[in-house]
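Look for chain A in each of the two complexes below; its partner is chain B in the first and chain C in the second.
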Partner chain A sequence: MIGENVRRKEDARFLTGRGRYVEDIQFPGMLYLGFVRSPHAHANIRQVDPSAARAIPGVVDVFWAGSLPEFDETLPAIFGTASTGPSYVDQLELPPHPVFQKHITYVGEQVAVVVAESPYAAADGVEAVKVDYEVLPALTDWAQAMAPDAPRIHPEFSNRAAHLAHSYGDVDAAMSEAEMVIERRYETSSLKSVAIEGRGVAARWDGNSGSMEIWSTTQMHYAVRDRLSQVLKIAPDNVRVIARDIGGGFGLKGAFYPEDIVAPVLARHLNRPVRWTETRIEHMLSSNHSGRQTHDVKVAFERDGRIRALDLVLYKEIGAYCHFEMMLASNTINHLPTHYRIPALRVEGWGILTNTPTASPYRGAGRQEASFTMDRILDAIARETGLDPLEVRRRNLVRRADMPYRSGLIYRDGVPVCYDHLDFERLLETTVEKGDYAGWRKRQAEWRAQGRRIGIGIGSYVEAGGIGPCEGASVAIQANGRIAVKIGVNSQGQSHETTLAQICAKALGADYTEIDVLGGDTKMLRTGFGTGASRVAVNTGNAVHLASLSVRKKLVTMAAILLKCEEGDIKIESGAVYARDNPQKIMRFGEMALACSRHPAMASHGGPDLEATEFFYPPTVVWSSGVNLAVVELDADSGRVDILKYLFVHDSGEPLHPQVVEGQLSGGFAQGFGAAMGERVAYAADGQPLSASLLDYYVPRATDIPDVEYIHFAFPTPDNPLGIKAVGESGPNAPPATLASAINDALGNDIEITELPVRWNHIVGVLRNAPASRINAGGMS
Partner chain B sequence: MSAHDITLHINGKRHDCRVEARTLLVHLLREKLGLTGTHVGCDTTQCGACTISLDDRAVKSCTILAVQADGCDIVTIEGMAGENGELHAIQEAFSLEHGLQCGFCTPGMVMSTRQLLARYPDAEVDEIRHQLEGNICRCTGYHNIIKAVQRAAAQARSSADGREPAVTKHAAPYPTDLHQRRHHGS
Partner chain C sequence: MYPAPFDYHRPDDIADALALLDSHGDDARILAGGFSLIPAMKLRMMQPAHLIDIGGIDILKGVRIENDALSIGAMTTHWEIESSPLVAEWFPALAQAAGVIADAQVRNCGTIGGSLAYSDPSADYPALILALNARLVTISLHGGNVIDAMNWQQGLLTTALEPGEILIDIRFPKPPARTGSAYIKIPHPASRFAVIGVAVSVTLGEDGKARDLRIGVTGTSTTACRALAMEQALEGHNLTRDAVEAASHLADEGIEFNDDQLLSAGDRAYLCRTTAREAVLAAWARARNKASA
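So, the complex of A and B:
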């Protein structure tokens, strides 16, 4: 069952229009919210005049800063699974983030909310609210914001909100002894998740029980419940958060937003259900983004290409508020070495406030930046030493024999990073062989002579997934034979209902078709930690496995009693128990559940139900890894990048459902492709967004994405009972590094690509100045 | 805002509706008629999540007023499965090939594929990619969507056997579309 491409349980409802996303929720008497948002990046609100808006038919009321005491509440600074350890951070000052306030710090920040009888009336109301602003100077660039005399974004707080530092090995000695030292600056742009469904929330107050029901697009429904229970001053159990069908998340929906408080507070205040769903322009303006990151590196290495030391100073634009400590920067640092040995490392990182929305994880969450930085460094070493980029990689690889390999880094759960049960050599050599690296190098030289420019690039990634603290699962056999698997996480498309049912079917001996996986509702399980950081398969998957085994144990004990035989003679298969020696003695699961519910023997098995709840606590993260190879050709006239070949070789442990694994990779690949080829959240110097619609922000289309060949490895791991690793964030990490490397290889040594996305004008600039015939082949020179 | 009485035939059923002149078709379908399978993913006609069939043409229902659809025949995702709930061949192919993850773009993808197969039953990969350019999927990377369309196309070809296609083919569906002309050679 595990490892088979069974039919996805989610598909039927999604394919027939029966999904239930937040925007599909309609309650009788529902009101709709529309937000007045600031057109200025930095301003004080002098006055809000709601009179014209209130006069519009259908508008119920307008609220803003000071209207209700709950609007002074601050958004949680640390959310969901963001903080499990303080790794590396030695300074952190978090400006409070009230729901509505008079001090505006980014374009799109909420200024007031209009409540109306219909979404159209709410939009009319938003247009009619008059706001008087005192406009202040804005900062959208970390370098300006860090300057000693820079104006402050929050008067009480330094723009330098966070700092981290870590080192191991003797970096200074290596820098002075090594034969070669280079310095580079690598820039990675801020990215937006652009899930096709925007954020949303619907809220309904129940005056009878004093409880709140929320439908949310969140990836962290328990964290939302807990914060709302504080804001509403009611018990967590009186807040029910349902996050059932969600149209993609990719990290952005793992954060907490002002609207998450506004909707329930107004639902209670007005005693009517309310709904708000984000428009695409609101998504581009006011939802979180990944945050631009700059990497200043100094690398010491020998003429033979071997790295001796790396010194990195990292600058992270975290937006106007710091909600994720230095999680993204520390992820970059902990994934920076990817497959390679860095004997001495010193890192320093700054989290700098800017007049933009908050930076938060976007699929990969710092890993893409790590792979880009590391692979650009390896290519730069190749360039400086004249070695082939592949040879430089081979010489620095952490080998099988070196494992368990402790790099000297410490993961953000506080556990030292350790590579084990991995095989980087095999991944690299498979890539080289299956990607026909030698053949392409030959063709590259031949075709160059004909004026064609092709380039070959290699990129590598590691992905630490499955971070704790834990997840749980409750498995129960019901009287009609159906099995309920209740979990503490929700799905944004990851196929939990399918893969977790497979795990249960195998461990319990149940029919896959009889299993219902129920998640995305705080009423299912009391505690959960959320979907993000590629943690569900490892945490929840193993919890389902353990809970299913516990139920199986009860089944065996009770079957022995009911069928009057030894426990050792009980067999379980396809949803039935039977006595091995007498196939006539058989009971279906449903019959067992019925028989057990009144059986006194159940007193010593936790009560009347064939049910068990288990939690899985992973000791630390588990590492997945992969290597990508790209061959590109540049169109001599237009600079268009054609992908001639793309190979994606990876290990993510034992696949639960191979098709789903490849689906995760291909979706992630497309996002990584976008980051290489054009995705960029950009701001003008005055803080005006330059990428506020899908006309301005590039998202790859079906025509852009090349055919990708996937090669799957499953290196076994003893890290958890199921032997599985993470895959959710494996896809996007290496493509930007790989594509940048291939494009640079095609362009030759006239340019060094140090920036994401790769700029088309850089490509065209080189092509214009240096026709192919005059250029030496990059990698072979 | 002036109100208008319009009649739509949706998934084989007649609907008489009174709408504000400014009501977008997608909002009529979703908010008034409860057909929430058609989704909204953008505000600039980019994503295609709202794609429906309007008189047998795939149309982005976020970019047409409800009043403009007066008298039209509409098929939405809710009208694709058979009477007894059996999946349409396109839906079946998307499921078999794992051409959907979160499902949000899926109704639009299915409705665009419906037109694609009717117009280009022999479409190769490049043509499939081109025809789906107006539908954004952020989850799948299109990899399995392409496979799903190929599977559905093969299925349609093998079961067509000279019968009338499920969707009528317009001689020149979009006379101003250069691409169409290129493909029809006119």
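So, the complex of A and C:
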């Protein structure tokens, strides 16, 4: 059952257009919200004049800063995924983030909310609200914001909101001893996840029970419940957050937003259900983005290509508020070495406020930046030493024999990073062989003589998934024979209903078709931590496994009583229990549940139900890894990049459902492809967004995506009972590094690509100045 | 995204449409395929009080031969142009251009008249009307106009269309025998509109030399334009690869290009030169194919 490509349970409703999203929620008497948003990146609101808006037919009311006491409440400073152990952070001073306020710090920030009988009237009302702004100077670049005399984004706080530092080994000694030292700056742009479904929230207040029902696109429904119970001052059990069918999350929806408070507060205040759904423009302006990150590196190495030390100073633009400490920078640092040995490392990181929306994790969260930085460094070493980039990689690889390998880094959960049950060598050599690296190098030289520009790139990633603290699952056999698997996480497209049912079917001996996986609703389980950080398969998967085994144990005990035989003689198969020696003695799961519910023996098995709840606590993260190879050709006339070959070799542990694994990787590949080929959230110096619509912000389309060949490995791991590793975030990590490397290889030494995305103007710039005749004449070095 | 309130009219004939346009004046907008207008209304950048949908006026639709021209009704969709055998035979460049506009949804609804009336600086057709020497026919309550393609686009998002006028027809003169045309587009990575689009028409003269070479370039800055210097350099010549390559260095002469984060003006000029070279060669190959057929 585990490891089979069973038919996905969620397909029927998704493929026939019957998913139910927040915008599908209709309650009688529903009102609609529209937000007035700031056109300025930095401003004080002098006055809000709602009179024209209130006069519009259908507009119910207008609210803004100070209208209701709840609007002074702040968004949680650390949302959902707080660090559980020591981190590298030594300074953290975070401006509080109220729901509505008079001090505006980014274009698109909420200024007022219009409540109306229809979405049309709400939009009319938004346009009619008059706001008088005192415009202030804006900062959108970390270097400007860090300057000692820079104006402050929040008067009470330094723009330098956070700082971290960590080191191991003697970096200074290595720098002075090593034969070669280079310095580089690597830039990675901010990205927006642009899921098909934007954010949304529908809220209904029940005055009778004093309870709130919320339909949300959140990835963290329990964290939303807990914050709202504080804001609304009601018991957490009286806040029900349902986040069931979600059209893509990618981390953007793992954050907490002002609208998440505004909607329920207004639903209670007005005693009418309300709904808000984000428009694409709002998504581009107001939703979180990943935040630009700059990496200044100094690398010491020997002429033979071996790295001695790395010194990194990292600058992270965190936007106008910070909700995730220095998680993204920490992720980059902890994933930075990927497959390679860095004997001495020193890192320093700054989190810097800018006049943009908040930076928050975007699938891969910091790993893409790590892979890009590391592989660019390896390519730079190849360039400086004249060695082949593959040879440089081979010489620095952490080998099987080196494991367990402790680099000296400490993960976000406080546990030292340890590579074990991994095989980077095998991944790399498989890539080289199956990708025909030698053959492509030969063709590259031959074709270059004909004026064709081919480039070959290799990129590697590691992915620490499955971070704790834990997840739970409750498994119950019901009297009609169906099995409920209740979980504390929700799905944005990850196929939980299928893969978790597979785990249960195997552990319990149940029939897959009889299992219902129920999640995305705080009423299902009391506690959960959220979908993100590649953590559900490891945490919830193992919890389902453990809970299923517990139920199985009860089944065996009770079957022995009911079938009057020894426990050792009980067999379980396809949803039935029977006595090994007498196939007549058989009971279906449903019959067992019915029989048990009134059986006094259940007193010593936790009560009348064939049910168990278990939590899985991972000791620390579990590491997945992979190597990518790209062969690209550049069109000399347009600078277009054609992908001739793309190979994705990975180890993601034991696959629960191979198609789902490949689906995760290929979706992730597309994301990484976009990051390499053009995705970039950009702001002008005055804070105006330059990528506010899909006319300007590149998102790859299906027809852009090349064929990708996947080679799957599953190196066994004892890290958890099921031996699974993470895969959700693995896909996007290496493609940008790999593609940038291949493109640079095709362009030759006239340019060094140090920026993501790879800029079209940089490619054209080289092509313009290198007429085909020069290539024809002598080829390029 | 929700537009501001508006009234919707769907007249059956041109006279009614013109009367509505006349009576509502500046408050009214013609609605064709809606693929430029509706997005602008949803963003509330346009807020017409009246929409006059001309989709019910049959006479505005379709491709037909009229006298010595191919007449394409303003309400003919991109898809109809892309798939028309007549267009394919007379103006392969036009079929190519229609086929690389956006996606199937847009091509099924968007119209040539709407595109030319909207006059987006990165739209494809503006290059085509220049290369194919089209004339645009408009009508109003007070008569009508026939406007030369060279005079159609007048500035950013502005055309020669007067208030109260409807664009009804785009007329492409029948090409002489042994004429070839081609369109090559370099799409913007995000919008897929043209960063550079070059349309070329050329006739193979009896003497084997190029005649009536016209090169239309779109995407440059505010309006499409002709690459006149390159045209002149090649007119009356045999269009060998070397000759075209040499002349392509003139393709950007006198043209102003956008300069932004995506590409510098110099980068765009380079794309203009390479694209013009390939488009001229493609059109020339078609002309020679016709000659040998």
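Rule of thumb we're sticking to: the second predicted complex is superposed on the first by the 768 of 781 C-alpha atoms of A that agree within 3 Å, B and C clash if a C-alpha of one lies under 4 Å from a C-alpha of the other, contacts with A are read in each partner's own complex, and residues count from 1 in each chain.
Convention: contacts are C-beta pairs under 8 Å (C-beta built on N, C-alpha and C of every residue); 3 or more make two chains touch, one makes a residue touch a chain.
Computed from a predicted structure; not experimentally measured.
*Asks:* Tell me which touches more residues of chain A here: chain C or chain B.
*Replies:* B
*Asks:* Thinking of the overlay built on chain A, is A:W760 touched by chain B (first), by chain C (second), by both, or by neither?
*Replies:* In the superposed model, A:W760 contacts chain C only, not chain B.
*Asks:* Based on the superposed arrangement, let me know which partner A:D637 touches: chain B (first), chain C (second), both, or neither?
*Replies:* Touch status of A:D637: second partner only.
*Asks:* Can A:Y133 be said to touch chain B (first), chain C (second), both, or neither?
*Replies:* Neither partner.
*Asks:* Looking at A:Y405 after the superposition, I want to know if it touches chain B, chain C, both of them or none. Which is it: first, second, both, neither?
*Replies:* After superposition on chain A, A:Y405 lies in contact with neither partner.
*Asks:* Of the two partner chains, chain B (first) and chain C (second), which one does A:Y698 touch, if any: first, second, both, or neither?
*Replies:* Touch partner of A:Y698: chain C, not chain B.
*Asks:* A:W447 contacts which: chain B (first), chain C (second), both, neither?
*Replies:* After superposing on A, A:W447 lies clear of both chain B and chain C.
*Asks:* Taking the superposition as given, does A:P119 touch the first partner, chain B, the second, chain C, both, or neither?
*Replies:* A:P119 contacts both chain B and chain C.
*Asks:* Between chain B and chain C, whom does A:I281 touch in the aligned arrangement: first, second, both, or neither?
*Replies:* both
*Asks:* Which chain A residues are contacted by chain C in one complex and by chain B in the other?
*Replies:* Looking at chain A, the two contact sets intersect at 119-120, 279-281, 694-695, 699.
*Asks:* Which residues of chain B touch chain A once you look at their complex with the stated criterion?
*Replies:* Contacts found on chain B: 20, 22-23, 27, 30-31, 34-44, 46-47, 49, 76-78, 80-81, 85, 87, 91, 94-96, 98, 100-107, 110, 125, 128-130, 132-133, 135-146.
*Asks:* Chain C touches which residues of chain A in the complex?
*Replies:* Residues in contact with chain C: 119-120, 122-124, 127, 279-281, 636-640, 677-678, 682, 690, 694-699, 760-761, 764-765, 767-768.
*Asks:* Please name which positions on chain A make contact with chain B in the complex.
*Replies:* Of all residues in chain A, those touching chain B are 5, 7-8, 10-21, 23-24, 26, 118-120, 193-198, 245-248, 250, 279-281, 491-495, 659-660, 662-663, 666-671, 673, 693-695, 699-703, 705, 707-708, 731.
*Asks:* If we count contacts the way the header does, which residues on chain C are in touch with chain A in the complex?
*Replies:* It is residues 1-2, 4-5, 43-44, 186, 188-191, 193, 261-264, 266-267, 270-271, 274-275, 277-278 of chain C that touch chain A.
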